[in-house]
Structure formats: structure tokens, C-alpha cells
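Chain naming follows the written order as A, B, C, D, E, F, G and H, and within any one chain the residues start at number 1.
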Amino acid sequence: MVQAYILIQTEVGRAAEVAERIRGIEGVAEAHDVTGPYDVIAQAGADDIDSLGSLVVARIQRLDGIARTLTCPIVNI
Amino acid sequence: MVQAYILIQTEVGRAAEVAERIRGIEGVAEAHDVTGPYDVIAQAGADDIDSLGSLVVARIQRLDGIARTLTCPIVNI
Amino acid sequence: MVQAYILIQTEVGRAAEVAERIRGIEGVAEAHDVTGPYDVIAQAGADDIDSLGSLVVARIQRLDGIARTLTCPIVNI
Amino acid sequence: MVQAYILIQTEVGRAAEVAERIRGIEGVAEAHDVTGPYDVIAQAGADDIDSLGSLVVARIQRLDGIARTLTCPIVNI
Amino acid sequence: MVQAYILIQTEVGRAAEVAERIRGIEGVAEAHDVTGPYDVIAQAGADDIDSLGSLVVARIQRLDGIARTLTCPIVNI
Amino acid sequence: MVQAYILIQTEVGRAAEVAERIRGIEGVAEAHDVTGPYDVIAQAGADDIDSLGSLVVARIQRLDGIARTLTCPIVNI
Amino acid sequence: MVQAYILIQTEVGRAAEVAERIRGIEGVAEAHDVTGPYDVIAQAGADDIDSLGSLVVARIQRLDGIARTLTCPIVNI
Amino acid sequence: MVQAYILIQTEVGRAAEVAERIRGIEGVAEAHDVTGPYDVIAQAGADDIDSLGSLVVARIQRLDGIARTLTCPIVNI
């Protein structure tokens, strides 16, 4: 199991709707609007790093209004 | 009351008109064109951090010609 | 109440100890080591934006091994 | 006369004292602690762009606890 | 007189034509394609910081294929 | 002969197809999808720095779905 | 098995010695000096994302002369 | 022959002395203090990309007061 924070930049004016839609995606635990260089921060989990990559590219990045995502996998070191 | 600096990147060639429109928004005290990585810097205030977020997303980001905004709330520490 | 994600860069080789110490600070709900441009991501809460600023500057930034922090307050818009 | 915003990163834990000292420098109109990628944002003015450069390098950057400054001159376009 | 370096990001695949057109603008001394985070670097001069801002916004940013410009005025300190 | 790493940002949702097409370009040795601030990292070689620039601008940046490329030439120092 | 590119910033003047030492670490396939925002780019592999995190923090970041590392895990999507 | 712009960040308060010393290095044509995210911008040339890398690492980065350099080779495309 791999968990990750996903730092998201949205198109201007669309942060709230993007956060709400991301919360509806399976595997996503939380998603909040934030101020600063990112617009939405989400937490998600998947079986392994490849499934996590697929979740981000095939599910989250497909949403309308997403400009960039930055996936930060949690590591237990 | 929360005050913030809002660092704004505009679409190319549109900094001057964006700055002028932002100055017309209620809650905005100042907005200037600048050189450097940002094109316009504004100062604004709202009742709390949520209202500030709404001001940025619902009023400033709705303006034509805005590419990215970066909100930096002032903190008294 | 204001919640925030705090994106943290540590001095090289010190991410694990920093994450552990941050988890012991009152007001911090979670802190994890991550890969990518940040080394540790934490979630914390405080009464208002000023208390949040104080928590970050007076408690988290005082820890040995912290290089930079980037506070992203959650906004409900 | 050239006015500028100066976006400042401080060493960790030193934002408050830096902001206070910058407020005491001649030519500086305001300086506030902020959250986000910068720690302090100041506004200052000088006779021309060279004097502004000198103000930043010779006065502000000489302060203890400053890590990086980013000067954004205001332009009237 | 104010001189500046202008660091330019172009739309993908258009660096060469952008550099060539910028070389044709009055006030621009040089413009070259480069590798790295910027695509074209130009040198230009104007009477003062406001005229420099106008040169960048009204002449350079108006060119087709420009995505972002970052103006770095030269200071004699 | 100049070798380089090319760090690529793609439009959202298109990393996989971009990586596959880049692998088909002559002079490209490898191209992989990655997580983090870049979406695809490729390795390529050309006769000299100018040919490398041409490979990136004329071949890679022409692909549909590329947003930004950052070429990092290998140097033997 | 997880593979990754590791983008490394070194202290000034130390890129060559850092690249050479990284090449001697078990799990590292390649490491080269580059120009651009990073100084050295390495490729490495580990059993899983946690072991990769440990390789970076416990082996690479322990080297003298490393300032920042940015790990970009390869994903097969 | 390879020409390059070298974008330099200095330690705070040391931009002027760094620019002056860089101007004295063989192969450097110009070096100026600038405002913005970089403190000094230089232009230099060398026989090939490897010699350019050596010039930057062995000569420029050895100077006291340099924090980071970003080399942007000019390409003729």
C-alpha cells in the first residue's frame, strides 16, 4: 500500500468544484482548498506506486479544471 | 480581520488592465504592476481566512487575463 | 479554527527525525516523510491565522534540521 | 522615484524579528510577516532603480536572519 | 537609462521564431535561444523603469508564442 | 557528442502517450513516466549542443501534449 | 522493484566529486554532472518506495556536498 | 564554441563584489547585478559544453559569496 499527498493547481476560479469532485474518487481520503502556490491538496492511497500513478493520471488529471498535479508519495524511512 | 498580499501572474500583455480591474474590487486596497516573476501585486482584506479565499477565487480569479494567483496572508506573530 | 498543510524542506539526511519531532507538537495532527520537492508534509490546526503563524514559527521552525516551511491554510470557499 | 515590493525569505524561526528591523530602515514604508513561500513582504521606495538596489543590498540584506530577497519594482505602464 | 535581461518562456516549439522577432524590436540589443528553464534570453534598454515595463508588456509580450517573461533590471550598486 | 536529460511537463492526463511517442524519436535512448514536478524524463544524445537544441525544439516539442521541456546537458568536468 | 531519477543540487563547486561518490553507492546505476537547475542527475533502484526513500536519505543525502535531492519515482501507467 | 548566460544567486549582501570578481575571470564577457530572483547575470564562452561546465564549476563557483548558479547555454536552432 502506498499513500500520497497530491498538490494540485487548478485553472483560475475552479478550486472549489475541483476539490469536491476529487473527494468523490475512489482511493481519495481527503481533498481541501488551500491558499498558497497550490489550490487543492488531496490525500490518496493505492496498492503500489504504479497504481498510484494511474489513479492520478487516469482519474484525477481527467477532471475538468485541473492545471498541474504534483504527487508526493509517503515513505516510511 | 485578515489582510493579505496577492501575487498575480497574468496572461502576457494584460498586466495593466488586470491591475486596474483589481483596484475596483471591494476589499482590495492597492494593486500595482511589477516586474519580476509576478505581474501584479495587490493588497486586500476580509473578515477571516475563508472570506479571503472567497474574495480571491470568486472575485479576483474571475477576471479575464488572470493566469495564477498566490495569496500570502499577513500573520501577526 | 484554521487548519493547514505545512510543506517542509529539511536539511539533507534529517527528514525522518524531523517528521517524528513534529508529530509530538501540540496542534499537529499528522506528519509524514514524502519524496518530491518537500521532505515532510504535516497537518496542523490553530484558533486563527495568527496562532497558526505562531505555531509554525515558534514551534515547528525551532526544530533542528528544518530548512524551509511553506504553510498552506485550508479555506472553505 | 521607484517603489517596490520586496519578497523576503528569512532563516527559519526569525521572520518576526526581521520584519520589525526592516520597518526601521529609512525608505521602507511597510513590512509584514506572511505565510506562503515568502516570510516577510516589505514595501520601499528610492530615487531610482540603482538606489533601490543599494537599499536592498546595503541595508536590508545586511540584516541578520535574511536568507533571500526578491525585489519587484512597481512599473506604471 | 535602465538596462535589463529578459528571461522568456515560449510556447513549445516556437523559441527560434520568437528570438528572431524580439531581435527586431527597437530597444532590444540581443536575443538568443537557450536551453534550461528559459527558452530565450534578451537584453534591452529604455529611458527608465516605466518605459522598460512598457517595452516588455506592449512590444515583447504582444508577440505570438510568448508564454511568460521575467524582467531583471540591471542595477549599479 | 552531447548527452542530456530532458525533464518534461505534459498536459494533464497525457504523460503515458507522450513518453511512448518520445521513445520513438531518433536520438532518444530512454523515456519514462515519473511522479513529482515533471511527468516524463527522457535521455537523448546529439552531435553538439546546437543539434541537441534542434532535437528538442523540432522533434520533442512538436509532439502533442507537451507543455514544457527542461534540457539538462551532461557535462564531463 | 521501483526505479527513480534523483535530481540533485550540490554545494557550489562540488558537483564532480558528488557525482563520482554517488556512482559508488549500491543501487545506483548512473550519475552524471549536468548544467541547469540541477547539478547531478542519478538513476537508482530499490525493492519498493520505502527502500528507495531509505537509499536516498540514508546513503545519498549523507554524502558531503549535497544541498537538496528531488526523487522522481518511475511509474508504469 | 559555446556561449552561455549564467544566472547567479549570491549570499545576501554580496552581489556587487561577486559581479566584480566574475568580470575578472577569463572567458567571461559581461557580469551585471540585477534585481529579481537572480542577483548577478553573466555571459561567458568556452570551446565546448564540457569546458563551459568546467569554467562554471572550477572558476565561478569557487568564488566566495556564490550560493547557486544556473547555466543556460545558447543554442542556434
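Observations, loosely collected:
Basically, contacts are C-beta pairs under 8 Å (C-beta built on N, C-alpha and C of every residue); 3 or more make two chains touch, one makes a residue touch a chain.
Per UniProt, the chains are A, B, C, D, E, F, G, H = AsnC family protein.
The model shown is predicted, which means the values in this text are computed figures rather than measured ones.
Of the two interfaces, E-G and C-G, the higher number of touching C-beta pairs belongs to C-G. Taking the options D-H, C-F or E-G in turn, the interface that duplicates G-H in more than half of its contact pairs by residue number is D-H. With centres defined as mean CA coordinates, chain B (AsnC family protein) is found 25 Å away from chain A (AsnC family protein). Between the CA-based centres of chain F (AsnC family protein) and chain G (AsnC family protein) the separation comes to 19 Å, rounded to the whole angstrom. Averaged Cα coordinates give chain C (AsnC family protein) a centre that lies 39 Å from the centre of chain E (AsnC family protein). Residues of chain D (AsnC family protein) in contact with at least two other chains: 4, 15-16, 33, 35-37, 49, 52-53, 57-58, 70-73, 75-77.
The part of chain A (AsnC family protein) that touches chain G (AsnC family protein) in the complex is made up of residues 2, 48-50, 52-54, 57-58, 73, 75-77. If you check the complex, the residues on chain D (AsnC family protein) that touch chain B (AsnC family protein) are 3-5, 7, 15-16, 32-38, 41, 70-77.
The residues of chain B (AsnC family protein) lying in touch with chain H (AsnC family protein) in their complex are 35-37.
Chain G (AsnC family protein) meets chain H (AsnC family protein) in the complex at residues 9, 12-13, 15-16, 33, 35-37.
The residues of chain G (AsnC family protein) lying in touch with chain C (AsnC family protein) in their complex are 4, 49, 52-53, 56-58, 61-62, 66-73.
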